[in-house]
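Reading through the structure tokens given below for one structure.
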Amino acid sequence: MKKGYLGFFVSLFLLAGTAWGDAIKIPVASPFTGQLASFGEGVKNGALLKGSEINASGGIRGRKVKIVLEDELCDPKEAATVATKLANDPAVSIVVGHLCSSATLAALPIYRAAKLPAISPASTNVSIGKMSPFYFRNVYKDDFQGLFLAKYAHFVKGYKKVAIFYEVNDYSMGLMLAFMKEAKKLGIKILGTEAYTADTTDFKPQLTKFKMMKPDAIFIPGYAPQGTLIVSQAVSLGIRNAGFFGADGLDDDLMLKNPDAEGLFVTTPFLPDKAGPRAAGFIRAYRKAYGKDPNWFAANSYDAVGLAAAAITAVGQDRVKIRDYLASINTREKAYEGVAGKTYFDKNGDCLKDAFVKEIRGGKWVSAQKQLRQ
Amino acid sequence: MKTILRVARLSKSFGGISALQDIDMEAREGQIVGIIGPNGAGKTTLFNCLSSLYHPSAGQIFFGDRPIAPEFSSKKKKLVAACALVFLFLSLLWTPIFWSLFVPGALFKVETVMLGLLLLGVRFFTFRGLRRFEIWAWGLIFLFLAADICLALFLGGRPLSQDRFLGTSLPLGWVGTPWALAALPFSLFFGLQLCTAPARRLFGFKIGPDAVTRLGMARTFQNIRLFFHLSVLDNVKIGAHCTMRSGIWRSLFRTRRQRAEEEGAEQEALNLLRFVGLEQRALVLADALAYGEQRRLEIARALASRPRLLLLDEPAAGMNPQESADLIRLIRRIREKGVTVLIIEHDMKVMMNLADIIYVLDYGRMIAQGTPEQIRTDPKVIEAYLGGGVHAPA
Amino acid sequence: MSRRTRPALPPGLIMPLIFLLALLLPWIPLGPSSNYVLRVLTTAVLYMILALGLNIVPGFTGLLDLGYVGFYGIGAYTSGLLAIHYDLSFWWILPLAALNGALWGILLGAPTLRLTGDYFAIVTFGFSELVVLVIRNELWLTRGPMGLPGISPPSLLGHTLTKDWEFFYLVLFLLAVVLFVVTRLEDSRLGRAWFAIRGDEIAAQCCGINLIRYKVTAFAISASIGAMGGAFYAKWFKFIHPDMFKFWESILILCLIVFGGMGSIRGTMLGALVLIPLTEILRAVLPQELFSARYLIYGLTLVLMMRWRPAGLIPFERAQEALARRAEARIRSRRGGEQGP
Amino acid sequence: MGPLHELLDQSSLFLQQLVNGITLGGVYALIAVGYTMVYGVIQLINFAHGEIYMLGAFLAYTMVTVLHLPFFVAFILTILLCSCFGILLDFIAYRPLRQAPRLAALITAIGMSIFLQNLALMIWGSQIKSFPRELLPAVFSRPALVLGEITVSWLQIFILTITVLFMAILHFIIHRTQVGTAMRAISHDKVTSALMGIGVNRVISFTFAVGSAMGGMAGILVGLYYNAIFPTMGYIAGIKAFAAAVLGGIGNVPGAMLGGGVLGIAEVLGAGYISSEYRDGISYAVMIAVILFKPSGLIGKPTGDKV
């Protein structure tokens, strides 16, 4: 029984490994099912859109591109399995992924060992960059974003007393630490920090504490699903004259459904109306394909696939050459022009990119009147 | 003949209903002692007290000269309570003192938590009877653990600073935490010793059923309690548990000693199975045995612990006359091996045939004792069994 | 005892044979996906180890333990921290992690094993959640949700393991060690005491078995095997994260042993070999559109399996029959020895 | 700010936290009842109960947003549907396993839980949903009581009233009606009850129906209260509720209520005063401590093993 079973399963893998035809494979690894599937959706849509656009314009060197979606549920264990699968597939020369930093960190050593370059459209954890020369990302790091937010809160909004409500995860804590460091310099008083976990829906105890502190604003360096709950629960508790702000984690249409979130502002790597003509086409195509506006996950993954395609076009399917090509995009002049601005990498493979601020006005995301120039 | 079992003024009550009241009895070496009585007379309760599955409410049991159930007077209980309270205070004091040694200024912060834990402890303490004392003591240890962990977290510097995240230069508040974690096992150990050891020594704990078996008293059960999913042989080998010594390491490395022991146990188990007539069935699962065979297996398992006293709880229940005749022979042979037998039985024929001395229980009281002939003619017994006035049970 | 199920091969030979097959596996040419298969199989074998460890508590001793992942996490973090801070070799880390697991097993087990049934289960569950919370929140020690990256891979005689087949061999070796331990213990005084406790606690007590002592022993051994699994996991992944040790893992491992047959060593291993690659097989089989049905099918498999074979693939009774056959062989050979010249 | 002001602030903080805690406790209690009743009758930890709670929230959401039913109609319909669903669950998954080992039933429950969770994920997607405010009775979004810094909403009052009301009804059912007596008899001894002419399966179905109805109701209330409905919401709430049931003494309805209350308050006060990082840990620690000291729960009766 055991042997028969083994044979069956081995042949399945063989099948999976060889079934694709002549197309150039660009795998996209992200959570497409499970709790974080809603984040992965943007990544999926953006990547598929770019893929079909490339194919419509004749493919890469005359060959079609096939976007292969690899689901890893944001689970480090699954991410490592997926990474092994990709690393051992000779048809794969570059990977777009992963989304969660924990998944990225689990997959990283495997890509490194297989000399397989990877571009993450969304992992913002600070410690990733130094881990591997084969890892790139076209999204900024948490520390940059936190610093930017502190400056914005101080110079544009003029907040004096801020309370921080963070999620116990790497993204949120990295942001918080960067924000606090800069806030200290700028003289913003941090009234208190409270934590929550992703699986909770009751934020009232912590918010009640904030209410008594009477902050000017509450900084929520978390994700939208919890962010929207936090805002509405805060309002129902009677926190009315405090502002709310967050980072790109809150940049989601989910927030728009919440009438209490009026006035909330966030940082984002991608602003449709500030992105120039290149983005306009993207937004139109995206609306046509999926019936809604792209979020920054979509824009970044669109760009990441574009970068991958550009690299393959330039140097072919050799993994190390692709890596060298990507690493050579290291100044503003050589930058890849994507829909989410120019992308170029520093020596760690981290990208240096502008951040924008947008806020909710009348139930819509609009770019904030005042942007902060770096 | 030496007395092997002595029961003095034994009482047992369940939430106000007394199942046994002032039982006095004794068994001498080599006797077969019978206990009879109508249903609900408290026979099985008596057995459970003897094998320490129940703890008597009052009275004493001596096995040889070893007390199995020491008496707990209410005065003694109060003393235990007082002592435990002292230990509680000591143990709760201990943690902040320990902490203040490592982290100056910790004492003050900690007081509220300690007070809360103290109140909690005292409150639960007043609820607990002595029977659950051990659980109670363990609960206390858990409090210790909780307190230490709470402290470790408390003192761990509530503000989340950059230093903490990078883990390079620890702020002063953190010096305590690794120490606290390192000290946890010690604190647990000493806490345990503080709470349980003196109480054990001073007041004598009840002996567990396993210890009773090790002392040489084995039993069977009214409703058969075999290990049904194990083989017959293994059932008997489990019975021989306390005659063997090998532990984890010897079993892992199959030392010569362990192998010899296993072999001996297996041989003896087979001998015992032959003794009760189950040798042919040694390698089937106990589930597959017939009812009468299961009864005999239970006896074999009890004998495997090499007991001096064997308690048989209705061994003939559900047997046909042929089987009970076999059983009578078997019990006689057991006695010939030098094992004293204490037997509960409904089947009067079996009892009258077997017993040297019979005790009669009714409604938790001992109403008669004597040789089978005396019992047969005792008017109290006749009344208990038949509601009075009619002939003696045959 | 059904003769039908008796294998044609001598029973002592089956396990080594399967091991031999497993050792040959990396050299079967599977083309490009060979390493992928190996990685999935390494995961499966790791879960076999974990399941064999957990099996000792609910399978042998009959106590429902929902907190196993706590020990797994303790082992992984012990291994990761020792590797990062002290740069110890894997061969030192392994026993240390096992010891640490056993220590916590005893600390948790000693007070809680007095509780009965589901109360024990729920306390162990609480424990594992607390372990994860501590790992998640004590940044100074574990870096919390940032995870512990950069754990050095194990090395053997100066050679650092990097290849997938090397890890596969390593995990097979660990499986062999664990298998040795559990099979030896299963057929010993200790194992019988555990089975007795599983069968009937009161009868076991009256056979002279000290319940607490044997339960704590079982719990400690189980915990140390779990910690060993964790130690390997950390060294293999080179990165650990609190999310890896969520309650779900405990449930998964429990599913493996119930699916395979609780209390039966082979069943437990078979359960892991079937269920762990299942999600990957579904990944390969299902078209991309039906991807989200992966865990749906997984759940359904569990339900249907329990419906048809509630005692698992290889039930406990079968394992006990196998033990009895072994005893029979022993007795027969002894008799043969006596009757010989 | 004088010391008096400070004191006032502190005490209103405490009171507000208490109100939060009691509401949370009420929700836990409602879910816990389903666990405790099923456990009491067939000694099964029904892991899928949390999923019924989730389904309750989604069903009500669908009825309100897609079918445009008035809220209270949707509320009652959902409860009915959930109880039917509970019966169905028992019929499909658990009834065939009545004679099987207990762990087999437990694994079935886990399998059902995974299955339902993923089913909901496929049907409704992973995005968090919330009841559109304009489709709900307006009174829910208004505060009922504003006392200085303390706010109590009508929704909170609604939740607490429903909890207390249904607990009272349940208590009545269990102790005063025939089916309640049958339930208690079955929890004591299934075989004997069957011999006494009790339709065991029917009574168990009834138990599932009542428990699931309460679970579904809790789902709607939580969906309203926190404004969040998502496929995995049943998992953590289910576990907390189970802890609450154990805390109060499993198999005991007033116990579930007490346990829910204690757990909710402990959790909220713990998050408010000790550490919000260890919020869940505090509730588990309280639970463990109670079990260690009083293994039968706060008001459960110790059960002895009959020798």
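Every chain is named by a letter (A, B, C and D) in the order it is written, and numbering of its residues begins at 1.
Following the convention adopted for this analysis, contacts are C-beta pairs under 8 Å (C-beta built on N, C-alpha and C of every residue); 3 or more make two chains touch, one makes a residue touch a chain.
These numbers were taken from a predicted model, which means no experiment stands behind them.
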{"item": "Chain of greatest Cα-centre distance to chain A", "value": "B"}
{"item": "Centrality ranking, top chain (CA atoms only)", "value": "C"}
{"item": "Centre-of-Cα separation between chain C and chain B, whole angstrom", "value": "32"}
{"item": "Where chain A and chain C are represented by their mean Cα positions, the distance between them in whole Å", "value": "36"}
{"item": "Residues of chain C engaged with two or more neighbouring chains", "value": "111, 114, 134, 136-137, 139, 146, 202, 292, 294-295"}
{"item": "Residues of chain A engaged with two or more neighbouring chains", "value": "33-34, 37, 168, 173, 195"}
{"item": "Overlap residues in chain B, where contacts from two or more other chains coincide", "value": "53, 135, 138-139, 142, 153, 160, 165, 221"}
{"item": "In the complex with chain D, residue positions of chain C that touch it", "value": "58, 64, 111-112, 114-116, 118-119, 121-123, 125-127, 129-130, 133-134, 136-137, 201-202, 247, 251, 254-255, 258-259, 262, 292-296, 298-303, 306-307, 310-311"}
{"item": "Chain C to chain B touching residues, read off their complex", "value": "1, 103, 107, 110-111, 114, 134, 137-141, 143, 146, 180-181, 184-185, 188-193, 195-196, 199-200, 202-211, 217, 221, 316-317, 320-321, 323-325, 327-328, 330-331, 334"}
{"item": "Chain A residues within the chain C interface of the complex", "value": "2-3, 5, 9-10, 12-18, 32-34, 37, 69, 71, 75-78, 80-81, 84-85, 87-91, 101-102, 105-106, 108-109, 113, 125, 127, 131, 168-170, 173-174, 195"}
{"item": "In the complex with chain A, residue positions of chain D that touch it", "value": "9, 12-13, 16-17, 20-21, 24, 118, 121, 125-128, 130, 132-133, 141, 143, 146, 149, 151, 153, 222, 226-228, 230, 232-233, 235-236, 267-269, 271-272, 276-277, 279-280"}
{"item": "List of chain D residues in touch with chain C within their complex", "value": "39, 43, 45, 93, 96-97, 100-101, 103-108, 110-119, 121-122, 239, 242-243, 246, 250, 275, 277-278, 280-281, 284-285, 287-288, 291-292, 295, 305, 307"}
